[in-house]
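Each chain carries a letter (A, B and C) given by its place in the written order, and its residues are counted from 1.
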Amino acid sequence: MNSATRWLAVASLVASAAGASAQTLRVGLAEDPDVLDPTLARTFVGRIVFNSLCDKLFDLDEKLNIVPQLATSYAWSGDHKALTLKLRQGVTFHDGEKFDAAAVKFNLERHKNMQGSNRRGELAPVTSVDVVDAQTVRLNLAAPFAPLLAVLTDRAGMMVSPKAAQAAGAHFGAKPVCSGPFRFVERVAQDRIVLERYPNYWNKGAIHFDRVVYQPIVDASVRLANLRSGQLDFIERMAASDVPGLKGDNRFKISRIVEIGYQGITINIGKSDQAQKNPLGRDPRVREAFELSLDRAAIVQVAMDGEAEVGNQWVAPNNPWYAKNVPIPKRDVAKAKALLAAAGVPNPSFTLMTPTTSDAQKIAQVVQAMAKETGFEVKVQATEFSTSLDLADKGQYDAYVLAWSGRADPDGNLFSFHACKQPLNYAGYCKPEVDELINRSRAATDPAARLKLFEQIEAHVAQDRPIVYLFHRHWLWAYNSKLSGLRTVPDGLVRVQDLKFN
Amino acid sequence: MFKFLVQRLATIIPTLFFVSILIFGLQQLLPGDPATALAGEDHDPNVIAYLRAKFHLDEPVYMRYFYWARGVLHGDLGESVRIQKPVTDLILEKLPVTVQLASMAIVIAIVFGVSAGILSAVKKDTAWDYAANVFALWGLSTPNFWLGILLIMLFAVKLGWLPASGYVSPFEDLKGNLAAMIMPAFVLGNSFAAVLMRHTRSAMLQVLSADYVRTARAKGLEERVVVLKHALRNALVPVITLGALGFGELLGGTVLTETVFSIPGFGKLIVDAVFNRDYSVVQGVVLFTATVYITLNLLADLAYFLVNPRMRG
Amino acid sequence: MAAVLTATDALPRELTPAQRALRRLARRRGAMVGLGCVVFFVLLALFAPWVAPHDPLATSWSAVRQAPSAHYLFGTDEIGRDVLSRVIWGTRASLLAGLVSVCISLALGVPVGLAAGYLGGWVDALISRITDAMLACPFLILAIALAAFLGPSLTNAMIAIGISATPIFVRLTRAQVLAVKVEDYVEAARAVGNSHLRIALRHILPNVVAPLIVQATLAIAAAVIAEASLSFLGLGQQPPAPSWGSMLNTAKNYIDNAPWMSVWPGLSIFLLVLSFNLLGDGLRDAFDPRHK
């Protein structure tokens, strides 16, 4: 054996030893993420990938507390119109650029000003950003804005490399450069997104994988089959009906977390003239009768195999911001019939639009059957999702089965839905008193005062019923039992930090 | 021969023109505002306004067609808004996958379909015929997504012989590639084999009763020679038409099979783009697959020309 | 009186080609079995309200995804409806989706293909280019766009499927006509001075029927399944009304824990497709002019 071949042999031994310890985490996603640019991104599933790719100023813990990530501490000014952030030292982006106050300023301005930015609304109250020193930055607000910190735990708080962003312009999403634990390797649309460990990550002790591969597999049964046959280590959003089948298998574990979003039925009460054309949109008594004809627990049992918590508000009953003054109404067919009689429409009919997902269709059909018992003639209209959103936006619907993935701060589930003329206010709900209360809740700096305001808002919403909230799904994660260190954050986004194979 | 070829080549351009009009027109028929669809969950009015301007959505249809056609003529198929990738790159990325899947499926379909068709025609009204028919129709009447999931349950989950889904490049790992492709190729080939089987059978029966075959038989030729040399050659005309059509269809992508097996091919790309209203992708990819399809048709015509010399008139 | 007598006398000896074909058809066992099944499904569709043991829409929260039992012979579905009753009612949607859309395809495709193949020239060129263009667009995309445009309903889905499947009939007819029109008997018919229409209908059409029948019976299967895809996208049969395709579509989510949900609609599609194809075989043989 000559020296060259000996070296080769040694080298290959080293390589194979490294190969043995090189670990890949393979994650099955329920959808194909959209563009990987935190400013432009608009899907829930994309946020799962971002959590490995891009660090944020703040993060959430399992109890929805806001914890430091790239910002180590914060301080509000006395009038709550300025937020000063101290930044973590020694953080670099994947291209080696330094993370500092100038980078934060660049990113927040990019979120606010870039054409087509989806973050503009979330950061609207931020009027300007000042670089105080290299590690300190100050956000100036037009008015106090309670949800701001929570907003910074999501895409609006994600920091990308200013140099890379300037160089790539509008094409940054094709090859994102952030400061998260993993950096971008490649993406094959609809097939996989591959990330590799970033060796200079500031918190590298928490990272135990060399690669993360995200694979979109739309069909829930196939996603699960991949987990069971060993092609994947982790899948998000398993089908509730598959839970019993997997429970007996000790090779796998299931985690469930109550989502911060909700599933509900949005009712057109003022979005367009159509609201006046059917008794449901016209008469609050009919809406009350409709709600009373629903048995939420049965809906959850039948449509979701029990994998959801019943609810009646934009946050779940276990959430600290839940308004306890409005409990979940019980099913009351007799009262519902009486209300319909009083309204002069014993057999009101309306069309219930539903996206074509199997969950939504099941909900619609169960609701239809339940409402029938009180006299409602519900016509289910299954509509492809994009079309249904457009019809909702134009107010060409009576009622709409619609889910919201939820935001860490309750404002993200409330403001855009119930404040007058806001983009997600498909119901067309517009009440000056409610607007006033919502605005005060956004400016409220004292949590107790804020909760009081939520209770007042809820009292209105529960009576006017622009949305009849039904339940809060469980995020169902299934994974290989070898995997430990999983953090179950209610936003439904997988955190790779501390995750490892035993 | 040469003249025929030139004539047929000249037809490609008007066909592509019709395709471009058709696909552009169909998109206009789709309900829903593409800007709303693309704006996503947050539904920010600023974003919607921006997207409307970017895609000239406020301008008349013919202007939008003009912008697009101008780009295409300059070799620019546009860019996916959803994932910020040039459509050309997407096509190049998916092409090998789709070609491989379609080729494997068509080989399976021809091997099973044509031979089962010949067998059932020659052994008409025997147990062989019935068995071949039931097998073929089973393949045809089983929806691909359903058969696909059944196979995954059996071969990946219960037996553990094959990966459940996904795609591996043959250049990285040929064995892994074949293991991943065999189930989807079988599912696709299976339903197409039924079509080929039925048409081969029908065409063979028709030809077997024709005068010249009777003459050949009367001349005392061996049955095998009669079937393969005289009958099959003529029976192949409709089979070639359908073969080319089927292969073209497979190349256009097979949505449900690709979805079940998570194969990143054209079908899934187009349908997802339709639902996300990612119009440049729909237009670009359909235009590309249409070109391939039309070329294949040209080759099929050429094949007729060679198989049936009388059509040269 | 005399005229009547002659007519009845003449009948047994001089049957029309169609009558002869039907006689041949009646002698074929496979075709008769196929016909029997088709008739059975048609009757099932017509008499669904009387045959079905339960209301196909009635839900029972306490009986979700129950295995087949004496009460629910085929089991129950994901929201506690009787699968048997839904299969019976679903016959209507699926039979219609299959038959109507194929009739639309045939009614549009055959004349157009005949014209293209027989007339040739610029008519052929134009028709062929448009057909090629339509064929070059993916079938499902075509159907989705049309169905979405027409509005979501079963009828519109059938129209959309029918139109989307038309070009293949045009193409097939045309190819067959091209092959046949140079045959000696067509030349002969032309030589004796028959009109074009007469040649096309009397001499060419009967010779292109065989592959068309085969394609039509295959297209029925494709249409039943396409209806499933469209209803999955919300463009076909609207929930909660059943069709076999949409039932199968839902059932695929429960293949592991409620297999009965997919077995019965799947079996029904298989039987329907099989019987149409058996019948198609018989028709094909019976109408084949060379097959005497």
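We take it that a residue touches a chain if its C-beta (ideal position, glycine included) is under 8 Å from a C-beta of that chain, and two chains touch if they have at least 3 such contacts.
It should be emphasised that the depicted structure is a prediction, and the values quoted were computed from it without experimental measurement.
Participant: Nearest chain to the global Cα centroid?
Facilitator: Nearest to the common C-alpha centre lies chain B.
Participant: Among the chains here, which has the CA centroid at the largest distance from chain A's centroid?
Facilitator: Farthest by centroid: C.
Participant: Please work out the Cα centroid separation of chain A and chain C, and write it as a whole number of Å.
Facilitator: Comparing mean C-alpha positions, chain C is 46 Å from chain A.
Participant: What whole-number Å value describes the gap between the mean CA coordinates of chain A and chain B?
Facilitator: About 38 Å, centre to centre.
Participant: Per the centroid of Cα atoms for each chain, what is the distance between chain B and chain C, given in Å?
Facilitator: 21
Participant: Among the residues of chain B, pick out those that touch two or more other chains and give their numbers.
Facilitator: Correct list: 30-31, 145, 149, 153.
Participant: Tell me, which residues of chain C touch at least two other chains?
Facilitator: Each of 148, 252, 255-256 in chain C touches at least two other chains.
Participant: Can you list the residues of chain A that touch 2 or more other chains?
Facilitator: Each of 219, 221, 384, 387 in chain A touches at least two other chains.
Participant: Within the complex, which stretch of chain B touches chain A?
Facilitator: Listed in rising order, the residues of chain B that touch chain A are 30-33, 36-37, 39-47, 50-51, 54, 80-85, 90, 93, 145, 149, 152-153, 156-157, 160, 163-167, 259-262, 264, 268-269, 272, 275-277.
Participant: Provide the residue numbers of chain A that touch chain C in the complex, in ascending order.
Facilitator: By the definition above, chain A touches chain C via 219-221, 239, 241-242, 244-245, 298, 301-303, 354-356, 358, 361-362, 364-366, 368-369, 379-384, 387.
Participant: Once bound in the complex, which stretches of chain A touch chain B?
Facilitator: 32-37, 40, 42-44, 115-118, 120-121, 170-174, 187-191, 215-219, 221-222, 225-226, 228-231, 384-387, 389-391, 393, 404-405, 416, 423-424
Participant: Going by the contact rule set out above, which residues of chain B touch chain C in the complex?
Facilitator: Spelled out, the residues of chain B in touch with chain C are 11, 14-16, 18-19, 21-23, 26-27, 29-31, 125, 130, 133-134, 137-138, 140-143, 145-146, 149-150, 153, 194-195, 198-199, 202-203, 205-206, 209-210, 237-238, 241-242, 245, 248-249, 252-253, 255-256, 267, 270-271, 274, 282, 286, 289-291, 293-294, 297, 304, 308, 310-311, 313.
Participant: Can you name the residues of chain C that touch chain B in the complex?
Facilitator: Against chain B, chain C makes touches at 30, 125, 128-130, 132-142, 144-146, 148-149, 168, 171-172, 175-176, 178-179, 182, 210-211, 213-215, 217-218, 221-222, 224-225, 228-229, 245, 248-249, 251-252, 255-256, 262, 266, 269-270, 272-274, 277-278, 281, 284-285, 288, 290-291.
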